[in-house]
Structures are given as C-alpha cells and as structure tokens.
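Both of the next two complexes hold chain A, though its partner changes from chain B to chain C.
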Partner chain A sequence: MNFEWPWQYNFPPFFTLQPNVDTRQKQLAAWCSLVLSYCRHRRIYTLDVMEAQESPMFNHKKIERKLSVEAIQIVFEELRKKGNLEWIDKSKTRCLIMWRQPEEWGKLIYQWVSRNGMINSVFTLYELSNGEDTENEEFHGLEECMLLRSLQALQVESKAEIITMDEGKGVKFF
Partner chain B sequence: MDRFVWSNGLLEMNETLVIQQRGVRLYDGEEKAKLDAGVVLLSTHRLIWRDIKNHECCIAVPLSQIVFFEEQAAGIGKSAKIVVHLHPALPNKDPGPYQHSKFSYIKLSFKEHGQIEFYRRLTEEMTQRRWENTPASQPIPTATGSQTGRTRAVGIVGIERKLEEKRKETDKNISEAFEDLSNGTIMSLLPCPHEMVELSRSIANKIKEKQGDITEDETIRFKSYLLSMGIANPVTRETHGSGTHYHMQLAKQLADMLLAPLQERGGMMALTEVYCLMNRARGMELLSPEDLVNACKMFESLKLPLRLRVFDSGVMVVQLQSHNEEEMIASALDNVSEKGSLTSEEFAKLLGLSVLLAKERLLLAEKMGHLCRDDSVEGLRFYPNLF
Partner chain C sequence: MHRRGVGAGAIAKKKLAEAKYKERGTVLAEDQIIQMSKQLETFKTHLEEFASKHKQEIRKNSQFRVQFQEMCATIGVDPLASGKGFWSEMLGVGDFYYELGVQIIEVCLALKHRNGGLITLDELHQRVLKGRGKFAQDVSQDDLVRAIKKLKAMGNGFGMIPVGGSYLVQSVPAELNMDHTVVLQLAEVKHIMRSEVRWEPEHLLKEGLAWLDTQAYGDPQYWLPALFSELSARDITPDEASQMVP
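Right, the complex of A and B next:
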C-alpha cells in the first residue's frame, strides 16, 4: 500500500524553516503529523538522526528539497514535547518514535495474553514480538526498545513484571 | 614587603580613594607573598591591600615610599603585573606583615586584569603627589628622597595646585553643562554654544602647556567629551548656524527635489539613492550622510509630504506620505500568486523597483503572514503562504 504524502510535501517552502512564528507553528504541526503517519505506515519504531536526513520523509528528491539537520532537530523536539518521541541516548542521535503510546501497546499485548488464558505465564521478549503465536497481532514485529517501554507501562499498572533470564529479558503477566 | 604597615583600611581626613581593583596578589620581590587574594586600593596618599576573605587583614604603604614603578606584561599562565620599587623602610615605621625583606620592590599581580587603568591612575597620583598638599591627619613617614619637601610652598607645587583647582572648576562647569544636556534640556545649552566651545578650547590649550603624563590623558578625556557632543571640530556652521535650522532648510529642499523622482520610482527610494541623487545635483557643498539623515527626520514635524522609514533590517528609505503599505503588500501577494513564486530579483524587475526595496517589500509581506519562503541552493524564493 503506497503512502499518501500530504500536500505540503510537494510545496517547496515546507522544507525551509519559516521565520514567521505563526507560519512556523503550522509548518511544524504538519511535519509532526507527517513523521508520525509515515512511521506508522512503515512500522518504524526508532529513528537515527543522521540516517533520517536521507529518508524520503525528510528528503524529497523529486523537487530537490530536503530538511536541514537543524530543522529535523526542531521537528523532533516538537514531537518530544507532544509526547511522541523519546531520546534513547544522551547525545540525541537515536530516538523512539511513538506513533502509538507505550500504554496502548501494553494494553494490546495484555488483551492478547488474557484472551488466550495465559495470565501467570512467562514469556521471553522474543516470543512476544516474533513468536508464531503472535503473527496476526498488531504488536508482532515490535522492536525491543518499544516493547520494553510498553511492558514497563504495564508493570507500573502492576499487570506485568519484567524479569531477567539467562538469554535476556522476559515478562510475567498477572 | 617590609615597607607595608598594618592598617584598618579606613581613609584619613584628606585622603580620597582613586581606584580599586580586586583579584590582586602580592609578591615580595620575586616570591609570592602569603597575601594572595585581595583587593588593592589606590588612594591619594597610600597603596592599600585588603584580603578578600578576611577583611581585617589590611596593609598599606604610603605613596611617598615609591621610588618608581613599571608594568610587567602578562605571559602564558602569568598575569600582568606592576612592579613597585620602594625606598628603604624608615626605622620608626609601624609594624607590618613582614619584619624584613631582602627585596626592595614588590609586585602587584592582576589576576582579574585592571592593570592598565590602575597603572594609569597610579601614574597620575605619583605625578600629582596630592599627599604632599594635604597631609593626612596621621603622620605619614615621608621618604627622604622627596624633592618638594614641606607642602604649601609658593613654588612650583603652588602653581600646579592652582592649575589643578582651576581645572577642577572648569571640569565642574562642563559636567554641569552636560548634566543639563542629559536631562533633555538641549535648549539650555544652545544659547551659549560659543561659550562652551571657548571654554573647552582654552582648557585644552592650558592643559597642553602643562607638563607630564597627565597632559595626554586630560587632553584625550576632554577631546572625547567634545566628540560625544558632536563637536568634532568646534566651529559652528557658517551660513545657517549649527543644528536644527540648517536641517530644516535642507529638509524643505529635499522635499522639493525628491517629489518627481519618488513618483517615478513607485513612491519609495532607498536613502543611499537619495544621497547620490542630491549630491550629484548639488555639485558643490555636498551633503554629509549625517546631515541627510537629520534632515529627513524632520519631514513629519515640518508637515512635508515625505517620510523617513526604517525597516527591521536597518535599511532606510524615503517614501511619499501618500504611500500605502497595505496596498503594496496586497499587490505583492497578487504578483506572487500570479507567478506561483518569485525571487527578489524577479519581483524587482516586475515592478521597476530596486532589488533592495523589492526584497524589503517581500520580507514585510512574509512578516504579515501573506508569504512564506523557500530557501535552497537555488536561492530565496517567496510563495503565497498556503500553510
């Protein structure tokens, strides 16, 4: 299924950070929405700032326009303020793109666990994200960091507990 | 360092503070003294050092003990210093931090800078030797090498003192004159510009005749007073007198001359264009840029149909009063929409404006939110703001 680009994507000024404050606000809002919908469409869970520069999201080859690194940082900061982005490292080179909140993922996972009567069982993280049983679930293929954040959200609600095992991490549901 | 005596740090009756500088460390000759973080104060009579952490620890040495002093430039990792060579301590000197020292000089190390000003002030004080005229209430041991001996002599010192007093007097006059100026009552100064100028000139001359380092300093200081007043060359303008009258005439002249060219150029001209135009027309007695600006500022008060306008970027233009900016911006938007997008050059060509003014108009439209920009390697283009 092809991604539907918003009209701004074909508007050259979209790739220049606007000096007029009001115009800029609208521009940034459009960028945030573009980033989230693109990542949701391609099931992208993390972004690397340097790599992102070359991604079609920020680099529109056809009209020969791309967003500068500074502008990308500003867009990311906007996303962070809105709660859709979390930095993975201190030097701000990699981030989690949360087009779905960890709490929502947690809910989906818990519902699946409960539906299949697997409360009180222990799962490895791999089983959850890549196991055969979860193939039809939305959270199948969820990247580890996102999965962990989601389980942490459940942990806060006392619905799960993350445990460390020999080969890595696992989780028990209550 | 054995020339210093303990002091309470209070100034004596006739002693005044000249300058102080913090972050100064003392050296006994080449060796660092234990007194390492303090404020050094220069008064008319003494050199005082006070410990920054322990205010009670305060020492002083009379200026009369100083033989001479010199600057020592800063080096890598070393602060700039002033080396002060001292007369030997007198036998009946009060107790101080050091009983004896093998050095006859000390150093002031300026860790937080300030040495240039301090050196200058110290030079002044050492030249003026004010401690000799007004002995402090406590007996200060005067060095045996002092040339003028007892104070209040009629000789050279007396003359110097008189000149000094006169200088203080005129200094006060000028300061008061400037006070008026800063209070906004320029008119109080205008009636007697000649007097002011005469005064300043006579002072400048008198001071030049006086000997010593002080001369250059004072002359420079007074010259800077004059410059700040705008009297770089204290001669008033010949034909119309100084200041506003001249500018008023000029403003009227400008209004006459600029109406036609302005209309040709769409109602607006950059000030630089006006300058060139005016001077080319005048031939002789060219306008200075300052005069032009001052004259333009008077357009409104003289009810002339022109205005001086300054854009955010600092560009100054003269425009017709009838010029309506909103209309201009609206038409700019139309132009851009029609063509899809425009650069400043394209817009300038379209309207017959200079590129500078075209850009200003586009920027203004952007500021109002009608346009947005596309900045790329191809250049700066403006689009209608579709956001």
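Right, the complex of A and C next:
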C-alpha cells in the first residue's frame, strides 16, 4: 500500500528550519508525525543519522529539497523529548524509532506466549522475531534492538527474564 | 317676494348631495379596494405557486439563484435583508446563506493553523463542496462571495482581497498593509521572489502567513500556504514508489 505523504511534504519551505517560533513549532510537530508514520508504514525500527539524510523521508528529490543534518538532529531531539526516540550510541549516530512503545510490544509478545500456553518456556530472540510460529504476529520481524527493549520492559514487570546463551540472548517468560 | 336657494329644502338637498358624493367616494374606494384585494389574492397565489415551484430550484441550482438575486435587485428586493423577511421565509433563501456562512467559518477555522487565516476562493469552494457531500445542494463561487459579504457585514472579521482574477478570503483581521495587498495582486505565481518587489516579507513570516525557503536557486523565497494549491495529501506515483525501494 502506498504511503500517504502529508501536504507539508510537497511544500518546499517545509525542508527549511523556520525562523518564526510559532511556525517552527508547527513544522517540528509535522516532522515528528511524518517520521513516526513513515517508519511505522515501512516497519523501520532504527535509524542511522547519516543514512536518514538520503531517505525519501528527509530528502524529497522530486522538489529538490532535503532537511539538513542540523535540522534532522533537531527533529530527533523533539522525538526524544516526546518519548518516541532513544539513542543507541553515545555519539548519537544511531537511534531507536519507537512508533510503538517497548511496553506495548512487550504486551503483544506476552499475550502470544500465554495464549499458546508457553509460559515457562525459553525462546531465543531469533525464534521470537523470525520463527515460523510468529509469522502472523505483529512483532514478527521486530529488530533485535527493539525486541530487547520490549523484553526489558517485561523484565521490569517480572514477566520475563533475559538470559545469555551460547548462540546469543534468549528469554524466559513467567 | 320669493328668495330661492337658501332654505331648509336647499340645505337638505345639499346635504343629500354631499352624502351621495361621500357615498360614491366610499363606494369608489371600496371598489378599488375590492379590486386590489382580488389582485393581491391572485398575486399572492401566483407568488406561492412560484415559491413552491422554484424553492427546490433555488436551493439546488446556483445559476438560477444568481438570476433570482439579480431579478430581486432590479425590483429593489433584497432576499437576504433580514432572516425573517417575507422573501427569505417564502423561499428559504436566507437559511441557505446563513448555513453556508457557518460552513465557511468552519472551513477557515480548521485551516487557520496552516495558512494563517488566508485562503483562496478556489480552495474554499472545493472544501465547502467536499463538506456538503455528494447529495447536497450545488454551491457556486457567487454563493460564497455573497455569504462572505453577509459575514463581513455582521462584523466577523472577514475580508476579500482581489488576486489575479479571483479572491483571497481573509478570515482573520491581520494587519495586511497596502504593500502586501499590491504584491498579492501582482503574484499570479504560487511563490513570491524577494528580488521582484521591494517589500519586507518579515511581516508575513511574523503573521504565520508565509514560510521561508532557503533551498531555492538564488535568493531565499517566501511561500504562502494559502496560495499553495497542492495542500491535500495524495498517493505517491509508481515512479516515486520505485525510488523508495531500499
């Protein structure tokens, strides 16, 4: 299904950081919304700042406009403040885009586990995100970073425990 | 010696003559009144027939409405003069424009955050039609202009700025001074080049009517969302979709 770009996407000044404070507020709100819907639509869980510059999201080739790196950083900071973004590294080159909160993902995963009577079983992360059994679930294909964050959320609620195994990480549900 | 003319009889005769004249006068007036009543009755019936026959037409057909309005103007009748007037009650024309005025206000309010309270008549027309749905009455730009004039007269802060053969509808009394108005009249294109006219765009930026674009060729440009016609979201074309494949 085609992604529906908001009207601002075709409006050239949208890609220039606005000097007027009120207009800028509207602009940033629209950018946050665009980033979240685009990432949700394409099931993008992480973003690399340098790569993002070339993504159609920030670079609209047709109208020859793109958001500058500085502006992208500002948009990311807005998203972080709203709780929709987390930096993966200290140098802020890569981030988690949370168009769905880790707690919500955790809930979906736990529901699947309990529905299938698999409490107390151990899963590898791979099994959860890429296993045959989860093919029809929304969390199928969830990137490892995001999956871990979601399981951490469950861990806090004592509903899961992340364990380190030979082949990598795994999780047990309670 | 006989004296004629003045006598009880003469006075009586005179009185009788006067009375007869008076009576005839009354009778005449009565005649006329009866005639006029009959005519009015006929007129009223004709009018009622006209009203019921054309009420649907007037509500449905914008062209008919224009002609009707013009006809009213020539006989010195303003169907919109008062909500409770004979014409507006008879034909429901007043209601139509009142409702339309409300719709216009709704559209302008909904878009104010985006265009600062300035919208082209074309876009207003499109959105009003959209809001009325498939089975609603036809609304022309003439109707919109009349409704806006009504709103303006009621002091709703509405105004119309002529631009390139049409109008910009202003729903917020922003301080658009003469210079800007002149520029807008000159601007047939969707964006305004700073180098073309000597004026200060800072004001438009401050009012939230314009956005800055620094990525154009040459000087920075200023775009008015109100003049930007592609405001509605659309599907991306297959070409664009292929560009997006990672």
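For this structure, a couple of remarks:
The criterion applied here is as follows: the second predicted complex is superposed on the first by the 174 of 174 C-alpha atoms of A that agree within 3 Å, B and C clash if a C-alpha of one lies under 4 Å from a C-alpha of the other, contacts with A are read in each partner's own complex, and residues count from 1 in each chain.
Assume contacts are C-beta pairs under 8 Å (C-beta built on N, C-alpha and C of every residue); 3 or more make two chains touch, one makes a residue touch a chain.
For clarity, every value in this text was computed on a predicted model and none was experimentally measured.
Look at chain A after the overlay: chain B and chain C clash there.
By the touch criterion defined above, A:G168 lies against neither chain B nor chain C after alignment on the C-alpha atoms of chain A. Of the two partner chains placed by the overlay, chain B and chain C both lie in contact with A:N20. Comparing chain B with chain C, more residues of chain A are touched by C.
Of the two partner chains, chain B and chain C are each touched by A:E64. Judged by the touch definition given at the top, the superposed model places A:P56 against chain C, while chain B stays out of reach.
By the touch criterion defined above, A:N10 reaches chain C but does not reach chain B. In the superposition on chain A, contact of A:N2 is made with chain C only, not with chain B. In summary, superposing the two complexes on chain A brings one listed stretch of chain B into steric overlap with chain C, and the stretch in question is 362-370; the others among 236-244, 254-262 or 362-370 show no clashing C-alpha atoms. The contact surfaces that chain B and chain C form on chain A in the two complexes overlap at residues 11-13, 15-16, 18-20, 22-23, 26-27, 64-65. Chain B contributes residues 341, 366-367, 369, 372-376, 381, 383, 385-387 to its touches with chain A in the complex. For chain C in complex with chain A, the touching residues are 113-114, 191, 205-206, 208, 211-216, 221-223, 225, 228, 230-236, 240-241, 243-244. The residues of chain A lying in touch with chain B in their complex are 8, 11-13, 15-16, 18-20, 22-23, 26-27, 30, 64-65.
In the complex of the two chains, the chain A residues touching chain C come out as 2-7, 10-16, 18-20, 22-23, 26-27, 56, 61-62, 64-66.
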